[in-house]
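First, the structure itself, so that you have it in front of you.
Note that the chains take the letters A, B, C and D in the order they are written out, and that residue 1 is the start of every chain.
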Amino acid sequence: MISKTSESAAAALADVADGATIMIGGFGLAGQPMQLIDALLEQGATDLTVVSNNAGNGDTGLAALIGARRVRKIVCSFPRQTDSHIFDALYRSGGIELELVPQGNLAERIRAAGAGIGAFFTPTGFGTALAEGKETRTIGGRDFVLEHPLFADVALISAYRADRLGNLTYRKTSRNFGPIMAGAAATTVVQVDRVVEAGDLDPEAVVTPGIFVNRIVVTGDRFDREEWADVR
Amino acid sequence: MSAEPSSSTSWTRNEIAARLARDIPDGAYVNLGIGLPTLVSNFLPSDREIILHTENGMLGMGPEAAEGQIDPDLINAGKIPVTELPGASYFHHGDSFGMMRGGHLDVCVLGAFQVSKTGDLANWSTGAPDAIPAVGGAMDLAIGAKQVFVMMELASKKGVSKLVETCTYPLTGLGCVDRLYTDRAVFELSTDGATVIELVGATTIDELQGLTGLELRYRKIPE
Amino acid sequence: MISKTSESAAAALADVADGATIMIGGFGLAGQPMQLIDALLEQGATDLTVVSNNAGNGDTGLAALIGARRVRKIVCSFPRQTDSHIFDALYRSGGIELELVPQGNLAERIRAAGAGIGAFFTPTGFGTALAEGKETRTIGGRDFVLEHPLFADVALISAYRADRLGNLTYRKTSRNFGPIMAGAAATTVVQVDRVVEAGDLDPEAVVTPGIFVNRIVVTGDRFDREEWADVR
Amino acid sequence: MSAEPSSSTSWTRNEIAARLARDIPDGAYVNLGIGLPTLVSNFLPSDREIILHTENGMLGMGPEAAEGQIDPDLINAGKIPVTELPGASYFHHGDSFGMMRGGHLDVCVLGAFQVSKTGDLANWSTGAPDAIPAVGGAMDLAIGAKQVFVMMELASKKGVSKLVETCTYPLTGLGCVDRLYTDRAVFELSTDGATVIELVGATTIDELQGLTGLELRYRKIPE
């Protein structure tokens, strides 16, 4: 019987290699797979390329991974935030490489990797500095830039519920990059509050089918944490 | 809130927001960019049902969450906790930006550093050499709606026009701004250049031409 | 207050013009918007281009529309079926034009139209007769064909539930082309069994957000029909 | 059902299906194309959990629906009513074919008119001038899995080999077939050509070379 549940975050990430490309879900803190990032920090892989919308918040999660000098390069849309001081300092000192991608192109490049698209023409960014050097084409009177897929060795994402087959549901706007990153990585590791019986998730409401998920790490109910006290 | 002019020739930010809000039709799907444009949500006419999109994956976004209602899983593009209205839906980033890029939103409202007379937009970078770049969804929003409205003060604090012949700041999008709402006037922008469609208080076309250095047409459009 | 419900299928389709491009959802009979097709037949628009996976089954629905000589051209992946005799006869006599598209390219071209993609490189069909004359490119050692979006004036789809805002859920494999066609058409008309109150559909389980839906036609519970007797 | 050879040199269709089924590993995500490949579902080892994909938008497809269980909303790619297993999920055609094209399925099983020694596949059209063309998902399935297995009789009813140097029928995909399961032998195909990895009964390489007109290598692969 298939069971994708790992005994721990450490076990789920044991084989992450130095130099790997890691996608990390989340938009700000919503959907950021904190326990998995902590485990990656602990695990020790370095020289990583990270694909993520932001470049870390505060001193925890992705920010801590960057602070530990484990990230050679980050591919993201919005590194600069009020609380991105770890990235900011490292970037200014030349300690981290940045590929800045408009958010929708970032999302579509990730989606393209999962969907077997070789490249696509997008209108976003045409005529701007972020399209410099890229192939362009006018199609039906509109101008487009050619963008290529973004693949990863490992995707770390956060969802709400899983079943043993890896079918996932999310919660509100924490869904963000999870479903598309799950498709773009050779190995997808998801942290969820709880694993339920196969059949307990409504097949109409499964957002990420289990085919995209390799390993599940159970982290316990989010509502037990202080931050969710208001909506417990 | 009141939308009456606070001086005889200029509007406050709230007044700009209120004026813009009146141009959003009933039933419209709207994205209010982060920063200044979020003010517009305070002035949406109560007799219209306007559905707010947030690029991080939601339609039917409600007001900011009050204290005691904070849900870390429910935030807007500015990462501020918000609420959910009946009839809301959630979707992933691929679908959310597809929705924008595909032109399904009726209106996007954005702030700007500069806007050119033909609707080029610069709002993501000042081009300062030591700045840490960050674009987010700016370029997607710029091309991501049937109509793109920009709201800003017409002049910088130093009195320099932000409506220009050609943007000098890095571009966000080319020819993408349809309407520009400022403290001094409302403009329609097109490949033909800028047309004033409303003057604030006693503001004159001559004044605006002096300030912007642009040749401006005037065609009053009834609201 | 927004309400997208039309008083009848006839009212919802009154403005369909001659020469229009119409997308019609469904895979075989599952998800085929029968009542809307019947209304289109009644309405009289002709010289239509139809985009649909199949070219009609038996004598009803799309088959009847084709039989009435209202379809100039069909863009589809699988016209020939055991019960596609109306299309078959017309095609053999030169009475209907056919653009044959591999099913996944058909789906992705429809998705691209809704998602603002100007064109995309797909591996499907490379080196085959269905890619003849199309631009090709080798990317990362793999061969791709360039395909362009398919837009429509009107999409006719079938869903399970709607709310007044046009949010939709589907039922099982009848979902098929509905969600992507809803995004690719200037006007999307959906037939549903029932319209429920805004808020009654779980926001996590809405498959097609209302932004993609213009008009709703209520057809009554499918379980009242003979075909669904087994699973009532 | 029994999978013993029914003659000393050839397998029945059920035997081909049974042999192929044994190569599908536990936990695999598999698409069984319409027609002949659906036989494989009868031979999936009961000690393995294999998840079936149907291109019309489902993972976790169960067996054909029995009488009294027919749900018109629940059909497979062949438009046959099927059932749903616990842990199933539904998705639209864009996502379903993205899943295939993106290489997420472990195995696709297809039928064929012809297969070339380097894995080219012809299974959608005989090229007959008066035929009504129909391709469906054939071309997507041909490139849509980590491994593509084809099952067919090695020779046509007229005794002509369907494993060929170069396909003469219209192609479905280039170099896409990894393994070919036939009534006489199992082949591995690659850019290097065809390798026999299993001979049925007393079948010899010489016989197969005579039938196909191809130079064939032999490398027995233990199951």
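The rule is short, and it goes like this: a residue touches a chain if its C-beta (ideal position, glycine included) is under 8 Å from a C-beta of that chain, and two chains touch if they have at least 3 such contacts.
By chain, with names taken from UniProt: A, B, C, D = 3-oxoadipate CoA-transferase.
This structure is a prediction, so every number in the text was calculated from the model and none was measured.
Enquirer: Provide the labels of all chains in contact with chain B and in contact with chain C.
Expert: Common neighbours, chain B/chain C: A.
Enquirer: If you tally contacting C-beta pairs, which pair wins, C-D or A-D?
Expert: C-D
Enquirer: Taking each chain's centre as its mean C-alpha position, how far apart are chain A and chain C in Å?
Expert: 33
Enquirer: Could you tell me the distance, in whole angstrom, between the mean C-alpha positions of chain B and chain D?
Expert: 55
Enquirer: Cα centroid separation between chain C and chain D, in whole Å?
Expert: 29
Enquirer: In whole angstrom, what separates the CA-based centres of chain A and chain D?
Expert: 35
Enquirer: Out of chain C, which residues touch more than one other chain, so two or more?
Expert: Residues 108, 111, 115-117, 122-123, 170-172, 203-204, 207 of chain C touch two or more partner chains.
Enquirer: Which chain B residues touch at least two other chains?
Expert: Within chain B, residues 84, 90-91, 98, 100-101, 143-144 contact more than one other chain.
Enquirer: Provide the full list of chain pairs in touch.
Expert: So, checking each combination of chains, I get A-B, A-C, A-D, B-C, C-D as the touching pairs.
Enquirer: Across the complex, what residues on chain A touch chain B?
Expert: That would be residues 27-31, 53, 77-81, 84, 87-88, 91-92, 98, 100-108, 110-111, 122-130, 143, 170-180, 207, 222, 227-228, 230-231 of chain A.
Enquirer: Residues of chain A touching chain D in their complex?
Expert: On the chain A side, the touching residues are 1-2, 111, 113-117, 163-165, 167, 183, 197-199, 201, 203-204, 206, 209-212.
Enquirer: Taking the touch rule as given, give the residues of chain B at its contact with chain A in the complex, in rising order.
Expert: Going through chain B, the ones touching chain A are 54-58, 65, 68-76, 79, 84, 90-94, 96-98, 100-101, 125, 130-140, 143-144, 170-174.
Enquirer: Can you list the chain A residues touching chain C in their complex?
Expert: 108, 112, 115-123, 137, 139-140, 142, 144, 148, 169-172, 202-205, 207
Enquirer: Of all residues in chain B, which touch chain C in the complex?
Expert: It comes out as residues 26-27, 29, 49, 51, 53, 59-60, 84, 86-91, 98-105, 143-144.
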